[in-house]
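In what comes next, chain A is part of two complexes: it sits with chain B in the first one and with chain C in the second one.
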Partner chain A sequence: MARLVVLGGGVSGHTAATFAAKWLGSAHEVVVVTPNAKWNWIPSNIWVGVGEMSKEEVTFDLAPVYAKAGINYKQAKAVSINPEGSELVNKPFVTIEYTLAGREGMTENIEYDYLINATGPKLNFGATPGLGDANGLGEFTVSVCTADHAVHANEEFQKSIQKMKKGERQKFLIGTGHGLCTCQGAAFEYIFNIEHELNKAGVRDMADIKWISNESFLGDFGVGGLHMKSMGFAVSSKIFAESLFTERNVDWIIGAHVNKVEKGKVHYELLSGEMGEEEFDFSMLIPPFAGVGLKAYAKDGTDITATVFAPNGFMKVDANYAAGAYENWKASDWPKTYQNPTYGNMFACGIAFAPPHPISKPMSSPNGTPINPTPPRTGMPSGIIGKAVAHSICDRILQGENAPLHEASMAHMGAACVASAGKGIFDGTAAAMTIYPVVPDFDKYPGTGRDTDYTFGEIGLAGHWIKHILHHLFIWKAKLKAGWTLIPE
Partner chain B sequence: MSKKVEHNIKAYGNNFTTMTPGPFAIKLRTCKIWQFIRFIIINIKMLVVVRKSH
Partner chain C sequence: MIREIITYPTPPSVEYATDVRVFNEDIFSLIEDMKDTIQANSLDGLAAFQIGNYYNVVVVKEENSSNFLELINPRIISQSGKVTTVEKTAYFPKLSAKITRYETIGLVYQDRFGNQHSLNADGDFSILLQRKIDYTFGSSFLNKLSKEEKKLFTKKLEFGSDIAISESCPTVFKRDYIIKVINIVMITMIILLIGSLFVNDEASAGFWQYQTYLFSTAIVLNVIYFFYAQYEGKRFTSCTSCQIGNIIGTTVILLIKLFVIMSLSYFII
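Presenting the complex of A and B:
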């Protein structure tokens, strides 16, 4: 019997573990180690953050789902990996620390034949003074990165609405809280939900709403922007995004590295080197991401963390980490199999894999401060990569260790993104986009880097309906209900 | 409706060079029949992208 250990139960880890359990059957063991008791459909946290959904509608208990799937579930966080074993144990193992009530702090070593690192990110609030610290979110801003954060965000949002109803003008500042953030799309969706809800509450005229982000142009989204077909033109996402912001009377600050947050005020540095300040009454700023801080040790106890992980804490995979300057970047730099180059039985998927470099062109201010989005690895790509990695490992377990690995390069993969405002069936609206491929390939698609036959964007009710359907469809799939394998990632 | 959106443009401000939707474009976004057609088309497009990605 072989044992596959999956670290993390988010979109990527959950997809990998559930497919592996299905393909391997009871002859082999799948173990999931995740510190969370609940699974969270993160895209819908946006609706929780404006009070349109409850936490219960975007989360569910993992234990009964894993029990049904025959997965050994350990509510714990991974602390370290011994890919060669230790002087006492010959097999590789991972050390975990329980977070389960009643067993908090207890540690255990779990031996494995194959390991998937799908731990997701550490929300690195501590990177910006005042945004938070090592313990998490600070007191001056809110976040929608977790369901609990989103509940808190809505509580603060409702307070602002009450103030406006009493005649007190409010300033809303939404965006990214550091020069190296990713997930601009989540903040983008949140700012339009804020605007929609303020309209609904009849207080829009009492609000000043502003966007602040590390993108060098509006609509970069961490993927260097995109060109989409519209009205016979290949239109830049810059035009698309600027039009949306203008239509909703939302101003913006871009190319900004937020370097300090205080009560009611952020300090920032622009790509031009200029320093600025922006006041706010309510602010949601996405933190930068980092690896979760897993350590790795050789058989003799030597620390080999730097061999297994990149400096940002994400796991090294089959990417080209020596591409160098932007001018040298190729689509082929991006990983295909997500196998660790040193230890062939270790893989990483979702946010946990170390990308070879950003997708957006790296930029810095004259002061040397890097200000550019880091690459998104969430949502659809995250699920597809998780499934491909699970497929590779299952083949190696069932067919032998020379079975070919499955590939899922982000340079050959598209993504669908729906940013929706409002929750009513007929009073909401959404920007629906697809992008193909996620990582531009300027050799294959000269000019835009993408296939404009499959890269499009559209605003309207239709996208909003799709967003609703996706919410229910993906929670259905994650709960492993009837037909779950037929629902694509 | 279109005039209202145009009024948001600030001369030589951030949004001075962007485009804004007119009343017809805005109407189409909420026209249930048109949006149902777009719903079918967008779904097909997304499924093609999903298929190409696996």
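Presenting the complex of A and C:
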């Protein structure tokens, strides 16, 4: 019997674990180690953050689902990996620390034959003074990165609405809280849901809403923007985003690295090197992501963390990390199998794998501060990669160690994204976008690096309905209800 | 080398604008071609996109100088104030449109050696840079037009000229006054018609006499309306109410009303 250990139970880890359990059956063991008791459909957190959904609607208990799937579930966080075993144990193992009530702090070594690192990101609030610290979110801003954060965000949002109803003007500042953030899409959704809700509450005229982000142009979204065909042109998402912001009377600051947050004020540095300040009454700033801080040790106990993980804490996989400057970047730099180059039985998927370089153009201020979005690995690509990795491992377990690995390069993968711009059955809106490939291939598609026939976007009520249907569909899939395997990632 | 400036309706580039990644002779040569083309056509600036090249390169004449400013991979990162002006661009020759843009902008860009710079611009220079940078993102100023302005500009594209529809459609035309007079005449005829029911035969004969005068007046006014409306319509070609079909329809309706009143008058009076 082989044992597959999956670290993390988010979109990628949950997809990998559930498919592996299905394909391997009871002859082999799948273990999931995740510190959370509940699964969270993160894309819907933005609706929790404006009071349009409850926490319960976007989460569910993992234990019964894993019990049904025959997965050995351990509510714990991974602390370290010993990919060569130790002087006492020959088999590789991972050390975990329980977070389960009653067993908090207890550690255990779990041996594995194959390991999937799908730990997701550490929300690195501590990277920006005032945004938070090592313990997480600070007191001056809110976040929608977790369901609990989103509940808190809504509480603060409702307070702002009450103040506006009493005649007190409010400034909303939404965006990214550092020069190297990703997930601009979540902030984009949140700012327009805020705007939509303020309209519904009849207090829009009492609000000044401003966007702040590290993108060098509106609509970059960490993928260098996308082009959509319109009136014979292939128009950049910049033009569409600017139209939307203007139409909704939302002002913006871009090319900004937020370097300090205080009560009611952020300090930022622009790509031009200028320094600025922006005041706010309510602010949601996405933190930068980092690896969760897993350590790795060799058989003799030597720290080999730098061998297994990139400096940002994400796990190294079969990517070209020596691509160098922007002009040398190629689609082929991006990983295909997500196998760790040093230890062939370790894989990483979702946000946990170390990307070779950004997708957006790398930029920095004259002071040397890097200000550009880091590449997104969330949503659809995250699920696809998780499934491909699970497939590879299952093949190796069932067919032998030489079974070929499955590939899911983001440079050969399309993705669809539906970004909500307001919730409502009749007045909701969402921007539906497709992009192919996610990582531009400048050799295959000279120009933007993408196939404009498969890259398009549209905003409207239908997009909102799709977003709402997807909410139910993906929770259905994650709960492993009838037909879950037929629902795409 | 002077290059051909691509004009509407040809899309400016088949492969779409992208950042310059390699700063080499190809880019230098492109920049020189853009300068030659600007000089030859007496322009203020060009985006590479306008001569069918997909790189994010903009060349503009510096303010109050004949020197050129080369901007590679430009990005507008700050903006303030709004200003509405009438703009022209080489892509839509002979056409102009009212466009609202930022009064002042701050931007970052790279020079031909890949070094990053920043600059602030205002006034006409700011507007010129915004228009050219829009091209580098695949947009002509069509995407910047208000709904009303876009409707008007689409008409201009059909006519190929600003002149044909240089004015907006007025809410009141002089020909409307003629219709007003015709209506007053017809109301008077109806009053006479109703009045004839309450008077003796002698007075009724007098009413009929007036009725024929009024009828003749209304017919003449209709004829005047029909020809004058067409004359006025030629001055406002963008107005749907100026179209010949509309004028004929209005005339026919008026005449039918007139003949109905006259027929009733004939039998009753």
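The working rule: the second predicted complex is superposed on the first by the 488 of 489 C-alpha atoms of A that agree within 3 Å, B and C clash if a C-alpha of one lies under 4 Å from a C-alpha of the other, contacts with A are read in each partner's own complex, and residues count from 1 in each chain.
The rule is short, and it goes like this: a residue touches a chain if its C-beta (ideal position, glycine included) is under 8 Å from a C-beta of that chain, and two chains touch if they have at least 3 such contacts.
All values derive from a computational prediction rather than experimental measurement.
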Overlay on chain A: chain C relative to chain B, clash or fit: clash
Which superposed partner A:H227 touches (first chain B, second chain C, both, neither): second
Which superposed partner A:G255 touches (first chain B, second chain C, both, neither): second
Which superposed partner A:A432 touches (first chain B, second chain C, both, neither): first
Touching partner for A:E274 - first (chain B), second (chain C), both, neither: second
Which superposed partner A:A416 touches (first chain B, second chain C, both, neither): first
Touched partner set for A:A462, first chain B, second chain C, both or neither: first
First, second, both or neither for A:S243, with chain B first and chain C second: both
Contacts of A:M363 with chain B and chain C, given as first, second, both or neither: second
Touched partner set for A:S216, first chain B, second chain C, both or neither: second
Chain B and chain C contact sites that coincide on chain A, given as residue numbers: 239, 243
Complex interface listing, chain C residues touching chain A: 9, 11-13, 15-19, 21-22, 54, 73, 75-78, 106-108, 116, 118, 134, 137-140, 142-143
Chain A partner contacts - residues on chain B that touch it in the complex: 5, 8-9, 13-15, 17-21, 28-30, 32, 35-36, 38-39, 42-43, 45-54
Touch list for chain A against partner chain C, complex: 216-217, 224-225, 227, 230-236, 238-239, 243, 253-256, 270-274, 326-327, 329, 361, 363-364, 366, 442, 446-449, 452
Touch list for chain A against partner chain B, complex: 239, 242-243, 245-249, 251-252, 380-381, 384, 412-416, 426, 429, 432, 434, 436, 454, 456, 458-463, 465-466, 488-489
